[in-house]
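Which chain is which? They are A, B, C, D and E, in the order written, and residues in each are numbered from 1.
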Amino acid sequence: MQNVNQKESTKDIRSRLLKEQRQLMWLKLRTNRSLMIGIVILTLMVLIAIFAPVLAPSDPYAMKVTERLTLPSPEHFLGTDGFGRDLLSRVMYGARVSMTVGLAVSALSSIFGLAIGLYASYFKPLDHIFMRICDGLIAIPGILLAIALMAALGASIWNVVIALTVVFTPSIARVVRSSAIVVREQAYIEAVYIQGAGHLRILWLNIAPNVLSPLLIQATFVFASAILSEAALSFLGAGIPAPEPSWGNILQESKLVIHKAWWVAVMPGIMLILSVLSLNLLGDGLRDFFDPHTKKR
Amino acid sequence: GGKDESSSTMDVAAAPTYKDTLNIAITAQPPTLDGALTSSEVSLTISGNLFEQLYTMNMDYEPTPELAESYTVSDDGLVYTFNLRQGVKFHNGKLMTADDVVSSMNRWLEVSSRGKSLLGGSVFEKVDDFTVTMTVPEPTSDVLTIISTRTFFPVIMPKEVIEAATPEGVQEYIGTGPYKFQEWKQDQYIHLVKYDDYTMIDSKPSAYSGRKEAATPNLYFYVVSDHSTRIAGVKTGEYDVCESVPLENYEDLMNDQNVTLYSQPSGSMNAFLNIKEGVLSDVKMRQAILAALNMDEIMLASFSDKELFTLAPGYMNVNQPQWAVNSGAEYYNQKNPDKAKKLASEAGYTGETIKLLTTPDYQEMYTATLVVQEQLRQAGFTAEVLSLDFPSFMKARVDFSQWDLFITSNGYQIIPPMHLVLNPTWAGFDVPEVATAVAAMRGAADNETARKAWSDLQQFMYEFGSSTAIGHYNDAMATSSNVSNFVFFDLPIYWNAVVSE
Amino acid sequence: MKSNMKQNEKTPLLNVKNLKVQFETDRGRVTAVDNVSFSVNPGEIVGIVGESGCGKSVMSQTILRLLEHTDPVIYDGQVMFRDIDILKMNLKDLHTLRGNDIAVIFQDPLTSLNPVYTVANQIEEVLILHKSMKKKQALSRTIELLELTGIPDPARCANQYPHELSGGMQQRVMIAMALACEPKLLIADEPTTALDVTIQAQILELIVDLNKKLGMAVLFISHDLGVVTKICDSVRVMYLGQIVEETSTEVLFTQPLHPYTIGLIRSIPRMEGERGKELYVIKGTVPSLFNVPEGCHFCTRCEWADQKCFTQEPPLTETGFDDHRVKCWHFREIACLDKGVGGRNE
Amino acid sequence: MIVYISKRLLSLIPVLFVVSIVIFLIVHITPGSPAATLLGMEATPEEIEILNDQMGFNRPIHIQYFSWVSNVLKGDLGDSIFMKQPVSVAIKEHFPPTLSLAILAQIIAVFIAIPFGILAAHKRGTVFDSTLMILALLGMAIPGFLLGLFLMLIFSVQLGWLPVAGYRSLDMGIWTHLRYMILPALSLGMVQAALITRMTRSSMLDVLYNNFIKTARAKGLKEQIVLLKHALKNAGLPILTVLGQSFGTLVTGAVVVESLFNIPGMGQLVLNSITRRDIAVIQGVVLFITLIYVAVNLIVDLMYGLIDPRVRLDRK
Amino acid sequence: MSEPILQVKSLQKKFPIYGSMGRLGGAVAYVHAVNDVSFNLYEGQTYGLVGESGSGKTTVGRTILGLNGSDGGKVLYQGTNLMALDSKEFRLYRRDLQLVFQDPFSSLNPRKRVGSLLEEPLIIHKIGDVKERQEKVFAILETVGLQPEHYFRFPHEFSGGQRQRIGLARALIMNPKIVICDEPVSALDVSIQAQILNLLKRIQRELKLTMIFITHDISVVRHISNRIGVMYLGHIVEDALTDDLIATPRHPYTKALFSAIPDFSKGSNMKQRTILKGEIPSNTMKISGCPFSLRCPLATERCNVEQPLMREIAPQHFTACHFAE
């Protein structure tokens, strides 16, 4: 009888508790100031990127060479660049490349880094192979590796993504490995082993969630670095091919005219700094959010 | 500042003291100083101080004797006899004789692409210690002009140096010029010092000819590839000379009291269309492209200031009356997208991608390509930019499946046959009409006939749509205003320049 | 083994009066030590017991104001050392007091020693600071001190790093460091919790020994009733930041009156008597500091609790004999019942 | 110790192997050949082919690799076709500027970062702390070239205090050298400083909550001594790790700043060599940089032992 | 008495210590963590293992569970020698042998809700469908005295005692035959400790569990076990029924251990105690004589050279001492 009651209420309890849990998480999210600021700025950037065709006041590729390098005016809110193209539109469209590169590189290198790091932490022979390769790749200066890869692959946005993924994966793999090694030794991992869990379960369901927060922090760092690296690559002429605007491209072009038209550099610079800043905030926020020791309710 | 600053007034008052070093900011490290191997301007600017040739150019583009004293031509026009100057010493102290000239010039004929293509089959022979002959396979009117040129610099070096040369070039830089080679700090600077035993020609300096004083004992050519850095450097006096002023800074520097600007038409920017493969192999399509282009915009975007370029359909130096012709003007700078659309649809164009090959290593070529892309887009074409670094660009250029159009800026040549636009290996322009026209030009009895032949050829090129001139650009240089006696001819001339303290 | 030095009762060495320690946290202010008063006389060993989180460490560290450097802490009340109030002292005087007149040893000796300096370096530091000794002199004194704590090869030990020593050794080093300036008062915060029973016995003996030899008063903090009753003259039992019972060891052992104390004593498994019976259990768990019950803090877990207990906080009341004070409304009834929790019956 | 070092050096072999293969592959799948660059814009494809043949770039790739490796093992990094000098000489010439830049940048970073990091940790939660951390975040977010450009515009062009760019070697006087180096070092160092400040702060915070800090205070030590003697040395390992890593990246990652300030360093060398397809140089330099990176990290690991006696190098 | 359910026969375990060459150079020495340990475990009974830190108690437990291999000896579970199985085969026995960890904080995955933590073994062994599993989890939560709403909480939201209950629930959910409890109450406060001990006893009674109970606290082990083994330096030095051992410890180490306990019930007089001199010596060398000889107040020359063997000194009371009687 008791049991019947129990069974009936189980469902209710479960859904009630789940709801409560969701509310709690939401509260925890909302009260996490740096996370919220980071998310808001980032969402804005992503929205700008997605809706650039709608938002942009004019065609970012349309040139009016006679109106090159004009000061900000009602017609061109941020002025024009060396081809007489509308800078505001270009900065907005630039968000597409920069955001794509940032998100894709951080996502891809996190996935690969996670897999490599996990397996390396768990299987000794793999560890030696993977880590020597990672050491080797880390030792090659990242930007040079990227430049060489770009030279080999040719300039395109996906090649930038590939090149930067190659550059950033090893360090993520190292971070994951070093935390995974610590986690692997924890008693709770031994506990699932004792219960007869196989390697896959241990690796992906028990170790992986516990290296998530260093991974996330690292991934946000990679996001920021990827945007900056794309900028640096563009600066060195190995980034996204023109006329596709990216913040890096615009900055690179601005360098030529900075004595004459400082405003060309300002907006992409601000966007770049803002997005990197928001990512750092997001990273800090995520760390707080995933840290069981902060502000538990 | 201004470009015609006269310096002589300054010297009058008190004998000014001059610095013993001239610091020159150059844009890139030259690949080599071996003139026979390269057309690189940076290389020539430097090697011009080290080496001399038999004949050279004066202000009016006339061959003027330098290491030779005089020459005679046989009646059939096949044998040229050069009398060499006597007592000229190489930087290693050795006396220059016919042996050195013969081996230098024969090597030049063999390795330089200019020598091969225009004087192929010619040979130099020694007559006596100070007389050499040059035998050409067929008579042409431009032999002396060709050996007076600076691109693929036919320099005279000691025989031993020539013999020790490898395919990559000579091992030592030993010439007869007013400066000798001192040090090459890779990627930093090249240092030249005054050659004390230089045997001067005592005639009025005129372009590359005449008196060369080595007035400042040390020349430092600093490699400063970053534009803003080079400009900032000349503004602050870090460098006395800044080669190749970034165009965006031209206006800014005009207003700077401390800086003197020099500007000089130095070449034409040309678009080459792929006549061999792809969408543009159809002449109608090529005409459609020509119709779409707006040269004003391209040139303005690429060279930034109206002062810095000229629009003209010719490929040759606009200041050279002999070759500056206007034929084909109706095809040039048409700014007619509607016509382009019409032509394209007649040619059956259905939106195939037109591949524009370029390299970001040359800013103006790159910029021009971007503008062309946009203009083609406006005219309803699908155009895509393929941007490669320079070595890859060079490789892609010879693969006709990889591009449909590319733009290069080409320095001026003395005579049309030297121009790349006629070179079949450059962009695949190997139709028989060209060879015929070139032969007619070179074999022409007088200047007028030659000019006519060239004019016809230029007309043919526009009609055929193998290429188009986009415009003529000036090269701008800046010196700090206390530099005087500096001359900016085709290339900057430093040997008489001085810097006051 | 007791020091039995109760002669100086008039002038306590340390007199804590109505001490209240609060922390400013993200979720508001919490009171970790609530209105605590007690005194330590010269030469006396006073014990403080209580479960984890009841505020023992906070209280002991407040005596030297060690918390304010790292935590947002608010004090109220007085901590009189002889006749100066430590809480009102300026930092300079405090620096001369710390380690000199009052010394501390902490629960975990390994984490309490700086891992990157040698033992000698860390002990000398105190001597050089407070006794203005020269380096050489300090070293020989260090070795003496180490010898005093019964370390077998003091000269060698002095040159070792903390991690090279065993736990017992480390705790001896801590004690040597604490003794360096012959303090009047030693605060020992769970000094043996991290140690094995046999080693624990050695350290306890050492402390009692030093107390006797040097006449140094000891404030001994522990959660182990067994340990406290072994070496202390008098004991205070803490619960949720308050002292709930205060008496001599003897009385606590024979006649505990607070339901919490009784519960604690009864839940220890015995070495005597019938084996395997259900142990006594204090129901519930210690409430969090954020939701301390009104009235008596123990009311939620107390068998005796009635309406009054839930609303009114009982005072710390004299039971009438033997310096015994209890913070409970019902202690008289409990006394009458005389369950004799000492462990002899049941 | 010696065993440890030799073990580390031994483990270098696979790393170098990986690096050399990666680099070799990358260089060789990159289109364009050195001959094209060498011959200039007007060269014909045949000329380029001939020169490539003569220089041996048309041999099968594995043969090229093995001949390169065997030369390297003999201590010969090959010659730069472009610079007409042995690669080892090229490295010798280009390394000092980069080294000097890296050291200066590191010094700047350390002198800014460590004191600020300690202070921020000490004053945790105050306005000072949060301002500093926001600045540090900004510092990390600003691309190095932007910072460099602005520094150059302000200090050289506007104020004229410092030379715009270029490099003067140390033998031209330390002062001259420094005048040329200070701006690039600043633009490189600021970013590092931001990173190190944050690192110092967080590792100081980790340490400051330790029991032994409480012990040190309980001894009556003054706050400065507690911070500088007891806390800093313990916080040293993570800081040192970051320093080591960042030094590694400084030596190698100064590409952008070097190109902006026209410093003929390793970054420029590789960059130029890539555009020139100067294969021997690319391979040699990357190999050298890898060695440097490993050496720096070896030194860092050795220093661990000096700072923290618990770190036994010869045991994992 | 019937056949033992688990027989441990001269179990050995040593851990290598590597020298400066790391694994390459081979082990330079061994920690002899477990030396020749034998005991029997009978169904429904509790065997207590006591000893100082480092005496090898945990290692015995872990070795039985096949967590670190063994260097000799047998563990016979229902006639099968577990030590001879490879890890795949061992997995079949995992449901029968479970472990409760000492540290309730590190042994629960901080990122898993209690529910999924407890469900995991059921999923591993493919038991039941989602519903059935959930029911099972709710049931076991009730068994160990937790509330249904705890199902959705994360471990860090629990107190130490509650966490230990979760650990216990995890061990019990597969209905194991044998549970090894490695100091399950050492990290807990006395009042909580009592709760857990009561719970353990109750569950053992209800589920007919067999337990090995590892602890260093003699009063606890007395409370809970039927039989006690005293360990010192990897050896079992005394093994007897609980009451027997407490009443008449025979081995000098056992005696010293007992007297060192500051037992509250023995009153406030520190009676005459044998405080052992020195500390547990390093176990990297294999001691030729009696392992306790270095600290033993009674040690003679003989103790230093001849290792005492386990002998049955009284019925069911075994001691390894030359002089015990």
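As a working rule, a contact is a pair of C-beta atoms (placed from the backbone, for glycine too) under 8 Å apart; a residue touches a chain by one contact, two chains touch by 3 or more.
These are the chains along with the protein names UniProt gives them: A, D = ABC transporter permease; C = ABC transporter ATP-binding protein; E = ATP-binding cassette domain-containing protein.
Everything numeric in this text was worked out from a predicted model, so none of it was measured.
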Mutual neighbours - chains that touch chain B and chain C alike: D
Longest centre-to-centre distance from chain E, chain (CA-based): B
Farthest-lying chain, centroid of Cα atoms versus that of chain A (ABC transporter permease): C
More contacts between chains, A-D or A-B: A-D
Chain A (ABC transporter permease)-chain C separation of Cα centroids, rounded to whole Å: 51
Chain C and chain E: spacing of chain centres that average the CA atoms, whole Å: 32
Centre-to-centre distance between chain E and chain B (centres being mean Cα positions), rounded to whole Å: 90
Shared interface positions of chain A (ABC transporter permease), touching two or more other chains: 151, 255, 258
Interface residues, chain B side, partner chain D (ABC transporter permease) - complex: 29, 31-32, 37-40, 113, 167-169, 171, 185-188, 222-226, 228-229, 232-233, 235-236, 238, 361, 388-396, 398, 408, 420, 423, 425-426
Chain E-touching residues of chain C, taken from the complex the two chains share: 1, 51-52, 152, 166, 168-169, 196-202, 204-205, 223-227, 229-231, 249-250, 253, 263-265, 267-273, 275-276, 278-282, 285-286, 342-343
Chain D (ABC transporter permease) partner contacts - residues on chain C that touch it in the complex: 61, 64, 66, 69-70, 72, 94-100, 103-104, 106, 108, 111-117, 125-126, 129-130, 161, 163, 174, 177
Chain A (ABC transporter permease) partner contacts - residues on chain B that touch it in the complex: 227-228, 231, 246, 248-249, 251-252, 296-298, 300-301, 304, 360-361, 363, 366-367, 370-371, 373-374, 377, 385-389, 392
Partner chain C, residues of chain D (ABC transporter permease) touching it in the complex: 125, 208-223, 230, 233-234, 236, 307-310
